[in-house]
Amino acid sequence: MDTTLTLTVNNLWMMISTALVFFMHLGFSFLEIGLTRQKNTINILFKNFFIISMGLVLYAFVGFNLMYPASFWNGILPDYFVGLFGLESPMGETGLDLSYNEGYTYWTDFLFQGMFAATAATIVSGAIAERAKLGSFFTFSMLYVGIVYPLIGSWKWGGGFLDEWGFYDFAGSTLVHSVGGWAALLYIAKLGARIGKFSKEGKPRAIPGHNIPFAAAGVLILWLGWFGFNGGSVLSADPGLTSLVLTTTSLAAAAGGLAATGFVHLYYKNFDLTMFMNGILGGLVSITAGADQMSVMEAVLVGGIGGVIVVLAVALLDRLKLDDPVGAVAVHLGTGIWGTLAVGIFGNMASWDQFLVQLIGVGLIGLMSVGSSWIFLTVIQKIWGLRVDRAEELDGLDQAEHGGMTAYADFRMNQH
Amino acid sequence: MKKIEAIIRKSKFDEVRDALHDVNVYFFSYWDVTGVGHEKKEHLYRGVAYSSSDIQRRFLSIVVNDDFVDVTVNAILSAAKTGEVGDGKIFVVPVEQAYRIRTGESGGLTLK
Amino acid sequence: MKKIEAIIRKSKFDEVRDALHDVNVYFFSYWDVTGVGHEKKEHLYRGVAYSSSDIQRRFLSIVVNDDFVDVTVNAILSAAKTGEVGDGKIFVVPVEQAYRIRTGESGGLTLK
Amino acid sequence: MKKIEAIIRKSKFDEVRDALHDVNVYFFSYWDVTGVGHEKKEHLYRGVAYSSSDIQRRFLSIVVNDDFVDVTVNAILSAAKTGEVGDGKIFVVPVEQAYRIRTGESGGLTLK
Amino acid sequence: MDTTLTLTVNNLWMMISTALVFFMHLGFSFLEIGLTRQKNTINILFKNFFIISMGLVLYAFVGFNLMYPASFWNGILPDYFVGLFGLESPMGETGLDLSYNEGYTYWTDFLFQGMFAATAATIVSGAIAERAKLGSFFTFSMLYVGIVYPLIGSWKWGGGFLDEWGFYDFAGSTLVHSVGGWAALLYIAKLGARIGKFSKEGKPRAIPGHNIPFAAAGVLILWLGWFGFNGGSVLSADPGLTSLVLTTTSLAAAAGGLAATGFVHLYYKNFDLTMFMNGILGGLVSITAGADQMSVMEAVLVGGIGGVIVVLAVALLDRLKLDDPVGAVAVHLGTGIWGTLAVGIFGNMASWDQFLVQLIGVGLIGLMSVGSSWIFLTVIQKIWGLRVDRAEELDGLDQAEHGGMTAYADFRMNQH
Amino acid sequence: MDTTLTLTVNNLWMMISTALVFFMHLGFSFLEIGLTRQKNTINILFKNFFIISMGLVLYAFVGFNLMYPASFWNGILPDYFVGLFGLESPMGETGLDLSYNEGYTYWTDFLFQGMFAATAATIVSGAIAERAKLGSFFTFSMLYVGIVYPLIGSWKWGGGFLDEWGFYDFAGSTLVHSVGGWAALLYIAKLGARIGKFSKEGKPRAIPGHNIPFAAAGVLILWLGWFGFNGGSVLSADPGLTSLVLTTTSLAAAAGGLAATGFVHLYYKNFDLTMFMNGILGGLVSITAGADQMSVMEAVLVGGIGGVIVVLAVALLDRLKLDDPVGAVAVHLGTGIWGTLAVGIFGNMASWDQFLVQLIGVGLIGLMSVGSSWIFLTVIQKIWGLRVDRAEELDGLDQAEHGGMTAYADFRMNQH
């Protein structure tokens, strides 16, 4: 094979995947503003813009080297963690000979991984919407994306101990989605529910999202983005593997949506679009850990079960009085765990041993995520507090933190 | 002069407007309000079921001369009725004076 | 019969509604208006700072029998109050007649 | 006390507000309504032409003491006028009582 | 040439095209909700989500094998139709050697075709919006996408008799768009017009769409999607052919929009954005049958004529008292037929004989589409009815079928 | 290397880039309608649809050959300008052998360049929104895109005198963005500010945009589009160069947004989303001239400075009583100039000589843009006028020019 051309083609696919993963940030933005109230729209968009921007810069100067270290110190902490930070530029003589493996160049690698890193923080952002202090969240997410995410990533994708043990997580059901999901869970537990989310008797109340078309567009954009998220995680343009991955991904998404809808329909005799949407996302997250290991039928099963899990998880959170406006915990944590375990149950790798390794991986990463989140959040809460004032929350965060900018200046709104 | 304030179902608006036309009431203003009353509507959002007595309604404000009050009220009463709970209300409020901005003239003539 | 028009802060609406329920006022209509008054709000848009006295408020229209006026007004007065400039106003306006569209009946009974 | 209800063109709102300021009327509420009247507007949508007498207008509700009625009405009359069909109407409605929620006080003083 | 690399590159282009065709579903969704009333928004989105999800799953288990059969039984019915259904997985020993021709892998083929299949049903969905019963439509579209679409597809793309006769339809002006358009036509004829669409005297009335920016975004997204729809239909990354196809496609779109606008302007002295939008779509559908056969000038002509046809077709439907809120019949059927015939008139293949074959193809496929639609709809109407109650329609379908979920909870709306 | 395959791969990347640049038109549309008032939404969308459509057709029949002439007449006017117009079709015997260099085919070249051309006109369209006469703007933009843009382009990209002098503008900070920006500046100077933009005392007033989520989506879509705008400007799929360019582009965007936000925050103690958005765009335009010449650190610097420049430029325009609703002049002209000069200050080409050449290029192109705009606008103003009536402006342009079509028929709006 022609190695230059091979590199070119593989790199091309990786760049396209990078672009698609970048585009997921529009998907997340649309989903999050769509499922919340208009009075917090500017605030949510600002968070998303900050995360993608700061996430990339941070990953350039800290995260990337932390996650893909030259070697490990005692097998857990990458030695860069105790060494040098910063993006090295392995430029050749011409300053532009940047390729460093057969699959893609150094730059492609950085950018692809950087887009992933920002994703983890965005997951948190959705769950805490409509009441979290902006500055505190920024501090948290910089610590989390700057340190915890790459550290955990290094355990597996960086060649650390989980990788050696045989833990498998193809594109990050656990390494990206659960890592974000755990932080989201802890954050909303510490924050408390939005005013009005639970009645005095503790019964959950609906706070309908203000723009369902945006939310729906967000879901379709995320689905598209997953073509890159999973497709790019093949790390080459290998025709068989990439196309299998796209097929399992899409079928899992479809199955997740249908299963969630069907399940809800059984209970409520009602076609619930928001559950269809969450079901699709659940299907996508579920298949992410094993997208290259499943057959068509298995993908449909894994995705479909994921869809049902999302519905149950949403109900469970309501019962626990945890308030997650966009269902981020249900989707990313709930089915992130499921998808990772599913690698041990379905597909080519299925075996009891594999299942155990998956379980251990899920557990250890969960511990690390929860532990570090707990420490960060506790400290931040002490210093600045996590939550805005009651009056600010009632007024909407756009008023207090964004100079009264309104998302829809010419529209007459209901406020609640 | 009287102001007739009618709170009706949105879905009955076209019929009410036609009925008003039939009795030669061509001028009025309307806007949408939320009505709180007997009627309740069931909703479901992300697995949380809730019922709400806040229903979207249309509010008509029609200023007419005294001799038009009955005919206007009756037109609305019959056109807006479905017989189900939630059909709405009509209120009659006194008006002391009316002006037409275009001409500056005042009194009952401005309502034609 | 009287019509009570209350202009309140949106953020106080839930409390006002609960207070009205407590005094057995279950029926009314409301909509959102812009209030121009003492209160001012600071805004910033693309580097241009401006202050506006146009504040979003909620307008409640409640028609009650005469013996309910005081209790209704008092319920709103206490529930809508924050003590800050901009709490809003209540106006009482005479109403001459009321009709229930569903039944066609008129008079004070229609307000129950 | 009187309530002045003015229905004006939206494009005239800024001028009306300035005119009200000039006569020391600083407090009022407004919202957007659809006006049905003489004026018609032509529309075209996907090859279907239609004309509509439903025009977007702005509704101002201004409660003033009796001695302010004339000056307020006149201010609106001159500021809102274009002379074209569709300039709108002003209605004067009696008000029996007014309360300021912030302080609980009632009467004409609350309108200052 | 390096065959592995060739496969990789071709497959890569096909996967990208697949992603773009998938993205068209966001375009359709935006277009459809934008041109209808807000009270039916959830319902329309739900339909679109269902179609893409169910369409893919169905195509995996039924459609794909039906459309691309190993052989034909009597030349019309593919023998799988009387044989086995279900997606076979030609996995090699490693379970992952999935390539099966030079152009793309088995999985890419499936996914690309699956996205096309869902498109046909989506076309129907737009036309019947705001009054059709959800369950009945689902039943219809499952039958149509599951059986009729692949069956017709097999006649040409599956190597059936139309293919042998020399019928040409590059990317599906007829096989996809007209097939959808015919069903849409029959469906709206059976359904009847929306309440208020025609006055008592039978004159058409305008029911303005509630969010034109969404509709406009939908059109641009569809145009983008057509890069994949037509570009991918080359079935390889052949540089000359693919880039020619993209060029003719874009120029036809541009010409269609300009022609429709100019034409409307002549009559109404008015710049009608919705007609510009429909003109673009008309240009795109028109060029779809012969995108690889036209020169630049011919593409501009074919597209421009398509744009004018759309305007005329919209007016014609109004006159026939057929109510198509989004112009789906005008766009997909009207210019679908035109584009297919245009292959016999313009471009490399133009000839009297070719024109006749095109005409026969259009006719036979039209017969099959109309016939099967008629049967399905008549039966479904008998059993469940096609249309919601008058009260439900006035209230909006979001109220009745979707638990009163509102698309824009915080906005104050006009209802009509 | 396998030449056919090399062509195929390079061409593939160029086609994808073309698609992404096309998609930028949705980004521009969203940005422009989002930052203006609802009553002009249809008008703005119509402008955008017209520009992309007419731009492509015009570029096919005039612009392309003007910009890439076979040779030059006296080194400034391409000889096609005095010769033949129109898109030649270098079809081979088969009619389809269209490749004409190693990087991409003739058609790809045309389409990629055509999408760029339309961009320049779209920049103008944003600045003049809410008061410009439609017909006059169309006339202006046809002249500008048809003649001025390709003529200037020919000086550098067409191999003209600026190219010979060593002027460098990788993807068009000056050739595309400033060329659009200068015209925008002149146009708004001649048009005057929107009614109400400045108080009687001349103080700027805010006219808030009506749909910030659209504007935010526009920015993210533009960022995505820049993957193609800059990435495609490599003119091949060279793995090192393309991935470096994507990295510098994204980091400059991120840095621009963060810098603009931080800078605004210092003054106003406020998180201003619209400035974040403009900062991102400023970062993107800044890096466009030297995206292939910068290291990571330099990209962050160039982008960050660009972000600050945007904020200052917006304030400066306000002081000069120039009214640019979407910040097009600040973004495209302000940072377009900065980015072009930055090539002489940072990166591989940095040198005093280079800086001077850049300065000269910026100056000459500025002169040409301003001069030709001035002539066109003066003439058009004489004949038709540039601005709509006062009453039409107050009513909104959708009423007067588009038959009273409203963008949001079911929503209750505030008008101002």
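A few notes on this one:
For clarity, chains are labelled A, B, C, D, E and F in written order, and residue numbers in each chain start from 1.
We take it that a residue touches a chain if its C-beta (ideal position, glycine included) is under 8 Å from a C-beta of that chain, and two chains touch if they have at least 3 such contacts.
Just so it is clear, the model here is predicted, and its values are computed rather than measured.
In terms of the stated touch criterion, the partners common to subunit B and subunit C are A, D, listed by label. Inter-chain spacing, taken between the CA centroids of subunit C and subunit E, is 51 Å.
Rounded to a whole number, the gap between the C-alpha centres of subunit A and subunit F is 33 angstrom. A separation of 45 Å divides the Cα centre of subunit B from that of subunit E. Listed for subunit C are residues 31-32, 34, 43-45, 49, 93-94, each touching two or more other chains.
Residues of subunit E in contact with at least two other chains: 2, 5, 9, 12, 16, 208, 211, 268, 270, 272, 274, 402-403, 405, 408, 411-416. All chain pairs in contact, by the document's touch criterion: A-B, A-C, A-E, A-F, B-C, B-D, B-E, C-D, C-F, D-E, D-F, E-F. Within the complex formed with subunit C, the subunit A residues making contact are 196, 391, 394-395, 399, 402-405, 412-416. By the touch criterion stated above, subunit F contacts subunit A in their complex at residues 1-2, 5-6, 9, 12-13, 16, 20, 37-39, 208-213, 216-217, 219-221, 223-224, 227, 231, 237-244, 246-247, 250-251, 253-255, 257-258, 261, 268, 270-274, 276-277, 280, 292, 295-296, 300, 348, 408, 411-416. Of all residues in subunit A, only 204-206, 208, 264, 268, 270, 272, 274-275, 278, 311, 314-315, 318, 327, 414 touch subunit B in the complex they form.
The touching residues of subunit B, when paired with subunit A in their complex, are 34, 43-50.
If you check the complex, the residues on subunit D that touch subunit F are 10-11, 13-14, 32, 41-45, 49, 56.
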